[in-house]
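Listed next: structures, encoded as structure tokens.
Both complexes shown next keep chain A, but they swap its partner, so chain B is in the first and chain C is in the second.
Right, the complex of A and B next:
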């Protein structure tokens, strides 16, 4: 029996070896390299001197970076809540068995499967001040045209609206699964008590999908913190840094200025934020379920 | 999956008495229910218009002439659909090459990662080896690390990859894996999520399978390839389609890893239209459609697996 277990061990190690080789080399080692680099002034050239916490101290006085953190927080806050509300409404609306509803569902998921580059291109056209469709509609309706992505106050909301459009389908899918998990008997009991569909929506559906709401909150939050593509493609962080995000700053410092050490410090801050959200999620999840994770 | 099938008979059993109950309740609730029904259909209409509109505009613009696009008036339907825009867009740049690059990278990533992930998932689910708990926790931590955090060090590592692209043993002197397929492929092979997904799937198999395979003298690896792998179609389809979409749609990594035109992927190539002095919107929209077509076809054909894949991320048990 003993040898059997040992042979199992060896076989298991051989089977997981390829994965852990890639995993160690290209996930774990980079994190360590990142951590080490964040304490240096590495610039892809010859210099790689240790400068202690100077990169981290500089982050707190770097106006561009602080602006990017603020932008990212605004982006996350104003994306997540509308996404959850609209995604929930979409899920409740298309819940049911019908050909039309199935087609509607598929349509709502299309933006989610489309690449962020493609989505950015479509919206870039629509927001375009001279030829874009939004200004044409505004003028058609008798309003003054706007400058959209070229307006300092409007650019970030423009990106947020596009983000909501892209991800409604994702939120809807998750909520649909949640709706399918609610026992039909609860609604029938509600009917016996004379409750209307609206009342049951708020008294039965909303509370019962709350663990799912929480999951969606966390995942969409984390996704928002990774925002980069649309910023790089549509606004380049402008006008006047009004749309630059944390990842965009990392990209600019690392691949525009080759300040690898400084960019690494930013990456570590981003990692801490994302780990923070994840740990908060686990802790709250524990309390919710009353058992350890 | 299990939970759903348990609940199905319950629902059927209760649907009949439910109908009788509706008759007893008052007309008021019925009227409100009618309002609810109308509201949900209005919402379906609303979302269909709002979500469909940008797609409609994309198709419409791709078929317009630049004159129509420059008109101050709203043009929803082009006077004469300009299918030639698609031909021109594909000739504007080396698109055959870009599609080959994206396809090649995506297929290799999907093939290798599916095999490695399922094999690792099998080991974690079916073999009680020493240290599996610790390794699994390590894997879960890896799942939390976003690629945006590791892109800077990964780039440095790829650039100084030993003995590649003119580098010496210490990784100095050359370009390393920059502008190579290997550089585009390697970081996407190790996905913790795939292992996690496969492990969940294999956990539900009965022990008898492993036991009888063992009695027949099958090694663990053979048990995996001969018995488990052929039964893994649902999980591999879900994971494969997620991996495919993710790799095909990837922008940031090819952006920093390639700087020659011949190594560009489709997503990076799309942004070239934007960098021109005068953006040819009709060609850009045509190229956008063509580049997304692969994903759309895949999605329409394999929607079931696609949704199962997205959902599997939300069920951590």
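Right, the complex of A and C next:
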């Protein structure tokens, strides 16, 4: 029996080995190397001196980095909640069995499966002040045209709106999976008790998809903190750093200015932020589950 | 009783049957697991072997000598098709004339893609033997140990006295020659002749001074109520690299670096350039960023400052024949413009220096310089070809003049940081976020702090 277990163990290890090999090589090792680099002034060349916490201290006085943290937080806050609400509404509205609903689902999914680079280019043209469709609509409706991505106050909201539009399909598909898992008998019981559709939505559907909501909250939060492509393509972080994000700053410092040590410190801070948010979410999730179940 | 016994036998038979089936299923699952495990283990071993092969091939990437053939790797800045085709044909010609040398060609898009690719190659110990890169790379990559000096080869080169001084200076650092220019990309002043005629301006007389530029821009701007539908003068407002601002600074006699290699951002020349731009740009401009197409290319602007190469498709468009012209940018004190410069460098890991130099020498012969001008409209880099170049295209004399008065990025280790800070500074002034004086001082102080660190 003991031999049997050992053989099973070996088989199990072999089965999970490819994942761990990949995870170690491409996630753990880079994180460790990055952590070490964050205490150096590594510049991709010959310089790699240990400078202690100087990079970390400097981060707290670096206006560009602090602005990027603020922008990232705003971006995440104004992306995640609307995404969850609109994604849920989309899922509820296309849940069911019919060709029209399948087509509607596909329409929601299209932006999500399209590359962010392609989407960014398309929205860049739509936001264009002279020939863009948004200004044409505004002028047609009798409003003054806007400069969208060239307006310091509008540029970040423009990126947030595009992000919501693009990722609504992802949230919808996850919620659809959650909706499919709710037993039909609960709705039948609700009907028998004379509950309205709204009552059933808020008393049955919403509480039962809460684990799904928690999953979506965590994943969209992490994704928001990793925002980069659309910033790089549509605004380059401007105007005047109004759209620069943490990852954009990391990229600029690392590949634009070769300051790998400093960029490594930034990425460690990002790692800590994401880890902290995930931990907080999990704690809250556990407490919530403990109370409701 | 018999019936009971029969029933018992039947039951036992069923149970045995189930047991056998279960055992068989278990066996088949175990077999499947074994097969799966074996497959995964094989895949892993193959993956490890494959990575070993890749790593071992990487280690010989930088220059290899297979029997009597030397292989060199070339990485060029820019991935535009016409230039890539040109380099491939040049390599073919070189290889046919030098049977023992093989050149592997590769390229990367301008900006971060090139930097990322090059950094990754050097970090992996597989830096290219020959690198085609710009001015901004010189100081940083020399200090990082990525380039090696070619002064010894240059001093014996037949073309050493023929190369334009301004062009040679771009590849020289701390008294050593590291790079030799194969192409220059000056910013030219482009304007629409047809729009000049419409506005009652002489299409053969583009603005020469700042005041003329402002007046012409106002005349050429088309508005629908408050909305500018055609820019009189297109100037970038966000993202990208604001070398267009440098053109005004240089034209006002300013520089960003002094003789000691220190930054000179907060000087009167820059303040005046800002004051000039602020005096009219909001009235005449359609904002754009460098990731977008310049409104001039889209036909939405009458004048702009633009990279000579980026303008080429427009000049070659038959529909725009005789409608687009170029000139030296308008200036205030000194005729000057920004000019990028791409050079050939020798990688620090290059083992076959003689062969690499042979290729560089071949790419810089008069014939090849002229060929690049003919096929790619690239301004020449050798003094003896000025006249011949001018005859090739009516605008070549303008291009040559722009190269001659062209000034590049500062060749310092702080150039990349300067670029970021300059871009921020220009935006802060154009968006009235800071006063001109505050923005200039802020950029200067930040850069000094960086250098101090």
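What we mean here is this: the second predicted complex is superposed on the first by the 255 of 293 C-alpha atoms of A that agree within 3 Å, B and C clash if a C-alpha of one lies under 4 Å from a C-alpha of the other, contacts with A are read in each partner's own complex, and residues count from 1 in each chain.
We adopt the following convention: a contact is a pair of C-beta atoms (placed from the backbone, for glycine too) under 8 Å apart; a residue touches a chain by one contact, two chains touch by 3 or more.
Not measured: the values here are computed from a predicted model.
Asks: Report clash or fit for the pair chain B and chain C bound to chain A in the combined superposed model.
Replies: Because the two structures are overlaid on the shared chain, the partners are seen to clash.
Asks: Once chain A of both complexes is superposed, is A:124 in touch with chain B (first), chain C (second), both, or neither?
Replies: In the superposition, A:124 contacts both chain B and chain C.
Asks: One more residue to check, A:139. First (chain B), second (chain C), both or neither?
Replies: Both: A:139 reaches chain B and chain C.
Asks: Between chain B and chain C, whom does A:74 touch in the aligned arrangement: first, second, both, or neither?
Replies: After superposing on A, A:74 lies clear of both chain B and chain C.
Asks: Per the contact definition in the header, classify A:186: touching chain B only (first), chain C only (second), both, or neither.
Replies: Touch status of A:186: no partner.
Asks: Should A:147 be classified as contacting the first partner (chain B), the second (chain C), both, or neither?
Replies: The answer is second: A:147 touches chain C but not chain B.
Asks: Please work out whether A:235 is in contact with chain B alone, chain C alone, both, or neither, and reply first, second, both or neither.
Replies: Only chain C; A:235 stays clear of chain B.
Asks: Touching A:44 in the superposition: chain B (first), chain C (second), both, neither?
Replies: It touches chain B and chain C both.
Asks: Quick one: name whichever of chain B and chain C touches more residues of chain A.
Replies: Counting contacted residues of chain A, the larger count belongs to B.
Asks: With both complexes superposed on chain A, which partner does A:204 reach: first (chain B), second (chain C), both or neither?
Replies: neither
Asks: Have a look at where A:109 lands relative to chain B and chain C in the superposition and call it first, second, both or neither.
Replies: In the superposition, A:109 touches chain B alone.
Asks: After superposing the two complexes, find the one stretch in chain B that runs into chain C, choosing from 39-47, 75-83 or 219-227.
Replies: After superposing on chain A, the stretch of chain B hitting chain C is 219-227.
Asks: State which residues of chain A lie in both footprints, the one left by chain B and the one left by chain C.
Replies: 11, 14-15, 18, 44, 124, 128, 130-131, 139, 233, 251, 255
Asks: What part of chain A is in contact with chain C in the complex they form?
Replies: 10-11, 14-15, 17-18, 21, 43-47, 64, 124, 128-131, 139, 144-145, 147, 149-150, 152, 155, 233-241, 251-252, 255-258
Asks: Which positions of chain B touch chain A when the two form their complex?
Replies: 3-4, 7, 10-11, 14-15, 17-18, 21-22, 24-26, 28-29, 32-33, 35-37, 40-41, 43-44, 47-48, 50-52, 54-55, 57-58, 61, 69-70, 72-74, 116-117, 119-120, 122-124, 127-130, 132, 135, 138-139, 142, 144-146, 148-157, 159, 186-187, 189-190, 192, 195, 219-221, 224, 245, 248-249, 251-252, 255-256, 267, 270-271, 273-274, 281, 284-285, 288, 291-292, 295-296, 299-300, 303, 306-307, 310-311, 313-314
Asks: Of all residues in chain C, which touch chain A in the complex?
Replies: 33-34, 36-37, 40-41, 43-44, 47, 112, 115-116, 119, 122-123, 140-141, 143-146, 226-229, 237-240, 286-287, 289-292, 295, 298, 300, 416-417, 419-420, 423-424, 427-428, 431, 433
Asks: What part of chain A is in contact with chain B in the complex they form?
Replies: Against chain B, chain A makes touches at 5, 8-9, 11-16, 18-20, 22-23, 25-31, 33-34, 37, 42, 44, 89-90, 92-94, 100-101, 104, 106-111, 113-118, 121-126, 128, 130-131, 133, 136-137, 139-140, 165, 168-170, 173-174, 177, 180-181, 183-185, 188, 191-192, 194-198, 201, 212, 215, 219, 222, 225-226, 228-229, 232-233, 247, 250-251, 254-255, 260, 263-264, 267-268, 270-271, 274-275, 278.
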